[in-house]
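Here's a structure for you.
Labels for the chains are A, B, C, D, E and F, by order of writing; each one numbers its residues from 1.
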Amino acid sequence: MTDSRYEKGLETLKGISSDTAERINGLLKDICPDMARLVVEFPYGDIYSRPGLDIKTRELITIASLTTLGYAKDQLKAHVHNAFNVGCTKEEIVEAIMQMAIYAGFPAALNALFAAKEVLQEKGLIGA
Amino acid sequence: MTDSRYEKGLETLKGISSDTAERINGLLKDICPDMARLVVEFPYGDIYSRPGLDIKTRELITIASLTTLGYAKDQLKAHVHNAFNVGCTKEEIVEAIMQMAIYAGFPAALNALFAAKEVLQEKGLIGA
Amino acid sequence: MTDSRYEKGLETLKGISSDTAERINGLLKDICPDMARLVVEFPYGDIYSRPGLDIKTRELITIASLTTLGYAKDQLKAHVHNAFNVGCTKEEIVEAIMQMAIYAGFPAALNALFAAKEVLQEKGLIGA
Amino acid sequence: MTDSRYEKGLETLKGISSDTAERINGLLKDICPDMARLVVEFPYGDIYSRPGLDIKTRELITIASLTTLGYAKDQLKAHVHNAFNVGCTKEEIVEAIMQMAIYAGFPAALNALFAAKEVLQEKGLIGA
Amino acid sequence: MTDSRYEKGLETLKGISSDTAERINGLLKDICPDMARLVVEFPYGDIYSRPGLDIKTRELITIASLTTLGYAKDQLKAHVHNAFNVGCTKEEIVEAIMQMAIYAGFPAALNALFAAKEVLQEKGLIGA
Amino acid sequence: MTDSRYEKGLETLKGISSDTAERINGLLKDICPDMARLVVEFPYGDIYSRPGLDIKTRELITIASLTTLGYAKDQLKAHVHNAFNVGCTKEEIVEAIMQMAIYAGFPAALNALFAAKEVLQEKGLIGA
């Protein structure tokens, strides 16, 4: 039954990103494999799988939060990828990050735009 | 022409909240009236008035950011009011805050839910 | 089975604090009862119930984290109570907070000491 | 000789604020009197007493830092008092806080202005 | 007239740094050119160009804020360059950063000193 | 006598890490040698050398704080090394970091686990 929660989280996560689960498993397998399981279970099994907020909005508020934190570049890049995967446009993602200049300040917003730019380059949407 | 930027910001802000501009003016008039003008001009004139992201999403990402900051209870309550004003549902607001437990931690998310609860009480949507 | 996870969390939490679960339920019942369940399930069911770190150390690292966050006074006070409940001494709690002056700065450490002082007063260990 | 460091810190602190040392002693005497000593020794004995930066600038950068932290209202108010004590003008203090809107965001800057306003009211410089 | 605000910001910025505007334009042109304009207009047109605080102090409080944020190394390095450009000495910059150990903690202050050291090396003031 | 405080700090620090003092001296000698002295005197002379909390717990609460800060990877890695030096197990360190997901969020906890993994690789405890 813990498995069913894991399965629900994995299904939700797979709907957002095809490779996150495997990547997290690889990164954590030697240090803390239980954490890889918890990443699937709590964020995706308990939260993202809930009704009440569409997945595009869920990705945009995550981008807002990660921009605000300021130090979470890798997670921000992963969620910019995810936002594209679930149908957000470049314009929506960029607008969400820009708006954070108001609340988190310009350095946080600028660094998040630079991270988003790296994602756009990885996707070949803009030149390197 | 600075006025036109102020006017654009004020129009955008009035569309979100009928009393914020006046309230900010009152709070800042003895200490820094220029800041009251800048609050209208930059956040609302330069950012919220942009196309590319609907106003409901703009309020939800603001709630996400203020929840993540952790220390901005008054601003968070104001934007929960604003989110209702522009058509967000209680469920959407609550889901957005809950999701922040993942990125900003449980204390930030819980304190934001308690702030949102105060707004619901002020609006008479739940008992005091 | 989700229930068994809730039950495990509740048992762990009850071993730390007799009233937290009920208090959280009361605070969240009108705004987000699911969050009250998640507070039991993830922090207490998934984390605090793990072997590998004794409960006294778990409470002290929580106090360190909440001191570092700076904005989580209510949660900090609750965990100072919990630290006493699981056998930490006043000296251990105070030393843990003092040490945070190094990493989080003096304002964070001082405000946490003032919060801990309120707990000591609530417990009648020092005068009001 | 530790005493001489304490004495140097106390002398520096007394030059900035006539009542901070006594106030801190009172607040900490029941919970952690050693911390009251460290507040005098490290910030004032080791740092503020150094040459290389004038005391007005030291108070303004402290105000900038406390504004940026967002959660340290009491310390911010104390340092706004101190800034006045060492000769900063209302305009300099307000400008320093406003500028933080760029780096720490508008909520941090606004809340700091509201805190500074309370100090101005306590000093009778503006109406309550 | 928005142009006049941009022009005022650009003039202020050019007085501080000869290359920041062009560098920001280059970094943002493929992802969000409007943000490059806003960086000139709000921080430099609306804030740095104000009277009431000399430019040396403005750069030092910015260094204090960026040190406190902890995550903004690139912006911190740029403003250490700017501080030198407007006449701050190495000693003033180093003292401002050191003082942040009190408020933001030692890791923030140490990392900021290491960033300032890179600037000194780029300027050939100390060995690589 | 300042020397005796430095000596006490150095002795405490040497008991935790054989190379930190020399490494900090090297990093700071061209930019701010006084800060290298203060790192020994305040954190180690004034705090870590106090009785009332065992050194293993001191290292674990430091790891909790650095994980919570989110931006202090180098310091976190140094203290993971130190935690091993004073007898903490891999399991204790990993559990302490995992628990921070509750308070500081998953990005902070995950990035701290990745930093700890680098330490384990440097120590040859897991493959690169």
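Some notes on this structure:
We take it that contacts are C-beta pairs under 8 Å (C-beta built on N, C-alpha and C of every residue); 3 or more make two chains touch, one makes a residue touch a chain.
Remember, predicted model here, so these are calculated numbers, not experimental data.
Under the contact definition stated at the top, the chains bordering both chain B and chain E are A, C, D, F.
Fewest steps needed to get from chain B to chain F, stepping only to touching chains, is 1. The interface formed by B-E recurs in D-F: of the pairs listed in B-F, D-F or A-D, only this one shares over half of its residue-numbered contact pairs with it. The rotation relating chain D to chain E, fitted on Cα atoms, comes to 180°, given as a multiple of 5.
Both chain D and chain F derive from one sequence, and where they touch, over half of the residue numbers involved are common to the two copies. Here B-C and A-B are compared, and the pair linked by more C-beta contacts is A-B.
Per-chain CA centroids place chain B at a distance of 30 Å from chain D.
Among the residues of chain A, those touching two or more other chains are numbered 34, 38, 42-43, 50, 66, 69-72, 75, 94, 98, 101-108. Within the complex, the chain F residues that touch chain D are 1-2, 4-5, 34, 38, 41-42, 46, 50. Partner chain C is touched in their complex by these residues of chain D: 27-28, 30-32, 34-35, 38-39, 42-43, 66, 69-72, 74-75. Contact residues on chain A toward chain B in their complex (touch as defined above): 42-43, 47-48, 50, 52-53, 57-58, 60-69, 72, 75, 91-92, 94-96, 98-104. In the complex of the two chains, the chain E residues touching chain F come out as 70-71, 94, 97-98, 101, 105-111, 113-114, 116-117, 120, 126-127.
Those residues of chain C lying in contact with chain E across their complex are 101-108.
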